[in-house]
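One chain, chain A, appears in both complexes that follow, with chain B as partner in the first and chain C in the second.
Now for the complex of A and B:
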């Protein structure tokens, strides 16, 4: 599956989870001799474990002309090894009463299972086996490509809203591969071959490029022992594969995109701004943007919602989000849904009027409430073992550290009003933006 | 210099030039043992020759993250070899009373000199020498990069019209490198190193990748003998370098781009459509598009000009052009300059109204006049020896043949009204388009 959630994974308020004193749950980490990174997050509430393996490659690492290969390979990873024929791994997970999933994002690919604690070793054996022993027979490649093509047809080709999202991303990222859809362009998926998949697999599926995350009813020693016994037997490749990411030029021009389709039931307005991510931001910009999205667009008490929906009645919904968790420059989104009879042009004007007033309208109460909401939401999300495992796995996969994760709540608390105003003034400017109209056309 | 002419090189009406019977001037072509292609175009009117060497690599072959390297290397080609120190070649050309130039385009890089016929061998010796013997000393790379950076600053960074062009191309070509400027992005030019230049030079500057075009007061035998004696001594590399060009997905959404700048004196409206080039077109589409551009936008008798400028008075200028000569999918442009007091929005609406009427408004008289104009313009352009050399050099560099060049006038003549109407209906549609507004902003 594709990890296309518009919101980034919430970071853990690590200080709160696990109730340990002074910063963070008892997260342990170590690296095996073959370069595989291991993270252990003990959680003894129930006798289950979440076992995840993360690879530091996502769709933005697809070779030019082979868009969709990361996601295609994620599918192919279920197609069997010498030891375990296609489908066996999934059947075993299911027979053990477990759950499994896999996802591909711009920056990483991950596989996970949730099982009773005594089956952890079995999961590790299966997962270690398919890290380097995939068969990738010609007979499975063609039909699986058809599955992916059908997935794209259903999700994108027949969905005007997805078409607008793709076109907006392509316009926002003029050079960077974040402008290419995770699933790939149809005409390139069609050409993906067994050789492409094999080349990609050999390049990226290596112990040096992987991160093992185990959350649940285990101890670090236990995980280390099992990991050495399974993943530890994989030959190292010598070095981690290089990820090459071009940087976009600083944007100079406002861009507009319209998708008109008879299938559109509800017109919507979207606005993307090219902004730094937590990895690329200088100083406190990323925390300021995170809080800014919450203050102006986080739900029905936010500034945009109050102004556009409650006060003016020009929109029936409005909000904002920020995809903070990215290796490279990323998107900040403002969106609004017009009230009956309001044109997208009129709505856009209103949105811009409201956005212009943001720096002055910021008040300390709203900011403090937003901080509380963000941190509370985060604590809530960490109550889920798999959400927690995802927080650490995704952070490490994009080059952040466990310390970065633990620092997050404190950094959010430290943001002040001037940081928000400054971020709004520097980043929410038209020349950095792409505006999208989704509208109904005559059929 | 960069070859950013919006119009493609005009093709020769070969049947007319040289006055030979039955198709084409006496163009000869042959290939040396080391793979170098040679084209000879005799022209005995004056005792001069035009000597050009074309390489089948342009900015669209720049490695990702190294935009501008093709153009940068074009600059570095004047920086000396072991035999001839920096500047010597240019000095010799000048001392011989000759002219020289070089240019980089999306699909090729070319170098040329025009000298008295007795100096042809000297030109060949110099040019053959720098094909593989460039020194590229560290001391020349840094300062020349500064020259290029300054070139970009002067041409693009301070010119809102260039900024709009770059932004529009980036939006039109979501994936294909035609969306990247020939000169490169500033932040990538800044990082181009001697190693990048050397890698690029070794990859593309080879006899297999080059085309020698000699036009002028020479015979094919003479050129063959001289070419063997100079270029023929270069070691072959074994095979031609691979050019990898990703294909763009079929466009689904109309895009708009606005550049507002206090320096803008005259607002303008531009519209680009993604269309086939002569190389990618199926059947007669490319000839139809060529003629369509002429009929609707070729000067003050064209349809757009008549409707928008003469009849409605809403514009002071209007026209269209088509960049037919490209390896991959290319641009068809419609532009208009508003009359005093007319907004770009109003002008765009008017342009779209007029474009909608094109298929029905096409009349045979206009089409025949446009054919005559195109062919006449072509004949006129072939009167220039260097224009003629460019026609053949550029055609071969993008993978066309001498026959394609000779066929062109006949193909244009064969286009009928239905071809034009069909091309307009299929290609001049909003979802294939990017619209640009260049407007004055308060300073």
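Now for the complex of A and C:
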């Protein structure tokens, strides 16, 4: 499974994190002697726990020429250890009435199970075992590589809009590995070997590099005791592995990308801007960008939708999103779907005209509305222990703190109109952008 | 009446039937841990009731309910929702038009009032109709050559030829272009009534307060008129194979055969059987044989589908064009092996353990609980079903499985649809 970028018809919310005004989760955290970080999020409504282990490495840490290795290893992690042969962990999870999966993103890889509370220890035993004792038989590597190749065919090779997304990211990040797809390039996945996977595994799968998140019907004491008994037995490596991330140069060139394919019956327009993330932003730019995305592109009351769809009728849909949760500089996306008979060029011109008016058009009503929605999402997220586990796990995995997560709603509330105007003026500029056209080709 | 969500041993969630003074019935779980309220509801009657030459009316109706209602035009209505972070949405399937509402407790009155307006007084303004029409057509075109969408559409066209279930629920660009305001108004009048509704509410709201709100929202709806009858049917073309030609390197496969409806007594054994064959876990036979051992596909699985007037078992996978024949062989061998030999006793026990143990996982958010309850109500299974369900699974025997396998798979023939450019078939 992968976390991937969105398509123009789906609005993906940059995850909204936080504690609630109504008294949110009472989160505890501690670190084991071997360096493993632990986060506990109690939720006693049902006798169920979500057990997640996060590693601070993702596709952006793939060695050059081995794109897709983080994701391939995620698949191979289900292939057994000395103690537990391939498939045994899954069988046990299933027989206990649990559910499991894993996902790879640019900055992290995570594994999770959802089980009745009394099975937490068993999950920890298995997960701790495969942190360092993976045993990859050559015979399981080949078929699993085929599975990943089929996954890529399913997600990308049969879908021109995914091909556009890949091409746009590759153009946006001229140097940084965020320009390489999480799943990897087809020709490099084909060459990934058992040795590549094991080298990568030995480098990153260590207690210092992992974060244990347990959400659900548990107490911090109980989790600490179980974690010490299981994960605590893993030998420390001394220090956390270093993630080397190059920085993109300050962009100077507006770029245009077109994917033309005979299968495309509905053209779409996308624009990506290279912008700071919540980790790289100086001052409070990332909160401004977060709110800006909501004000100009969050649903049918947003500025872009009102201007392009409701007023001018030049688009049937329009919006924006911001991928704030990243270690390094990240993407801010504006998208629009043209009305019948409107060319992508005409739509692009209209989008640029509307974007130019953003700084003076910002009104306090729409800013308040956007704040209300973003802060409400943090309350809604407290209804789901899995959502909470993901919020805290992903934040810690990119180097944020629990305090950062809890501060988020307050920071959003504190953004003022001038912050938004200045973020728009500074970052939504063409030299920082890639514009993508998805269109039908003649044959 | 009260029933327990029996999830392992502890903390039963109490589901109560609530009947408002105005006679509106809802299933209610009161829980004040999180300051929100989640509502799910369904109205009987959906895309199967679309005019014969104009599929897509029910879905378009669902998309228009929040595009202007009462004194608010579309933009004003959306602004009221957004201003309080109220999430209101509607959808339409073959047999029902459904919806859900999520709101912070402090905005409950406004949220229920907006839901009432959307259901009882949608405006169907011409500009909103044209906008939603354009969005719908653009969405259909966007998916037009998606292999998964094409395979599914062809599967229904062949499997339910001549029946309303054979038509695309979201319509076609051509049919959506023909839909008139009168079509929408007529369907709204027939479907959105107080007679055929199921409602579930979960969250921080007392029965008293909820009763009043339910009366306001649903009590204002008209009494039901009879719904046009949808002829019961079953999957056709079993034994046939169709290829939808598309220039892509991977073929999407849909396969299907007879099913057993959720309402039928034999459903639970079929459900256990389906889990063993291709249910959601990594342990299913198809997952093991197709993915784990042979690397034929990223995803493979099967599920039971219950419509009001038909039931089927169907499955999905996708493999590169060169391996389609091999993949189909593996799938039919597994089905035939399971039908002939049955699962081992251990396999059956583990499947039951999983289904029993994992049931609670579906009750961990307010939205999921509301959604599950309303489905159970819609199927007419009774409020005690949640409490009974695990015992039903636990009671399934090898003989039940064998009977279900015979009913589902019989001689092993299937309707198969492949979208792509498969070789060697």
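In this section, the second predicted complex is superposed on the first by the 423 of 443 C-alpha atoms of A that agree within 3 Å, B and C clash if a C-alpha of one lies under 4 Å from a C-alpha of the other, contacts with A are read in each partner's own complex, and residues count from 1 in each chain.
In the analysis below, contacts are C-beta pairs under 8 Å (C-beta built on N, C-alpha and C of every residue); 3 or more make two chains touch, one makes a residue touch a chain.
All of these numbers come straight from a predicted model, not from anything done at the bench.
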| item | value |
| --- | --- |
| Which superposed partner A:144 touches (first chain B, second chain C, both, neither) | second |
| Partner chain(s) touched by A:306 [first = chain B, second = chain C, both, neither] | second |
| Superposition-derived comparison: chain B or chain C, residues of chain A touched | C |
| Partner chain in contact with A:376 - chain B first, chain C second, else both or neither | second |
| First, second, both or neither for A:442, with chain B first and chain C second | neither |
| Which of chain B and chain C A:242 touches, first, second, both or neither | neither |
| Partner chain in contact with A:64 - chain B first, chain C second, else both or neither | first |
| Of chain C, residues touching chain A in the complex | 7-11, 13, 31, 33-36, 38, 74-75, 78-79, 82-85, 87, 102, 104, 131, 134-135, 137-139, 141-142, 144-147, 246-250, 252, 280-283, 288, 291-299, 318-320, 350, 353-361, 363-367, 420 |
| Of chain B, residues touching chain A in the complex | 64-65, 67, 163-164, 166-167, 170-171, 174-175, 179-180, 185-188, 244, 246-247, 249-260, 430 |
| Parts of chain A lying in touch with chain C, wherever the complex brings them together | 9, 20, 22, 43-48, 78, 87, 90-91, 94-100, 114-118, 142-151, 153-154, 157-159, 161, 217, 262-266, 268, 299-301, 306, 309-310, 316-317, 337, 339-340, 368-369, 372-373, 375-377, 379-380, 382-386 |
